[in-house]
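Pasting a structure below so you can have a look.
Labels A, B and C are assigned to the chains in the order they are written; within every chain, residues are numbered from 1.
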């Protein structure tokens, strides 16, 4: 048994929980802020068997990897939106910091 | 030294903290949601000596076990409460998911 | 690799995060309440290399140790503030409860 602690961005958390659930991984969300990632992150606790760790890590990687997105900037308030074409800007999103912890024993009551 | 992480239902959390405190176990509550249990759960961190783990698990089991409760359904809004006897319904409550983690060292400042 | 879980008072948490950051330690805050310390505490997760644990503990000790402070009591509502000199009272603040956990593996995506 292992306990995986994954710190991910809020925006990726629900997709990750769903993707983990599709493969029968149960997870619990802890609210967290700052530090490893920019503001607005979530820490997921995922319990799994030793031989499922690689699969769980793969799912985290697929759903939360650090990546760049092109985002259309918001038109300035009161600006004339017709007068210019806003250029999309590149922003960095996602990323996951993951600790795999050994577990002495696991119980369900 | 061990660190026990127990995910329990919100409604059981305070009773558990009290029961643990009665036996001199200190615990810290982390707010958590979803996953191992239905919405509205709490993750408790409990630090204890190796030979106290069984006692702590027993207290968690006594206070948070999965169980069924008979609940009187709420009368429908605007219904005539005299006109029928509401049947109590069975609901599942409680449950605990518990990880016992090894601890390298413990410090208090 | 180790994972340090430090439960500290809310009022000390931001100073600790800054002090850790100055030495390139990254941390994530989990909201927590009660138990190890009085109400209003924060649990910090700090990941670090084995040979950095002592330095991290030293920073926690410097910023969060249990200590006594002299605090000017608030004048009673509607009281005549001129009529007496309020005596400062001693209050206990701070304190940290710290678990150093072994880590099987660490990943960043």
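Quick note on the criterion: a contact is a pair of C-beta atoms (placed from the backbone, for glycine too) under 8 Å apart; a residue touches a chain by one contact, two chains touch by 3 or more.
Model, not experiment: these values are computed from the prediction.
Participant: Quick check of your reading of the touch definition: is the inter-chain graph here a line, ring, star, complete or other?
Facilitator: Topology of the interface graph: complete, with all chain pairs in contact.
Participant: Indicate whether more than half of the residue numbers at the subunit A-subunit B interface occur in both copies; give same if so and different if not.
Facilitator: Homomeric contact, different residues on each side for the most part.
Participant: As a quick test, compute the distance in whole Å between the mean CA positions of subunit A and subunit B.
Facilitator: Distance between chain centres: 27 Å.
Participant: Please output the residue numbers of subunit A that touch at least 2 other chains, ranges allowed.
Facilitator: Residues 30-31, 101-102.
Participant: If you look only at subunit B, which of its residues touch subunit C in the complex?
Facilitator: Residues 1, 3, 17, 26-31, 45, 47, 101-109 of subunit B touch subunit C in their complex.
Participant: In the complex, go through subunit A and note every residue touching subunit C.
Facilitator: 2, 5, 7, 30-37, 41, 43, 53, 57, 60-61, 64-66, 94-102
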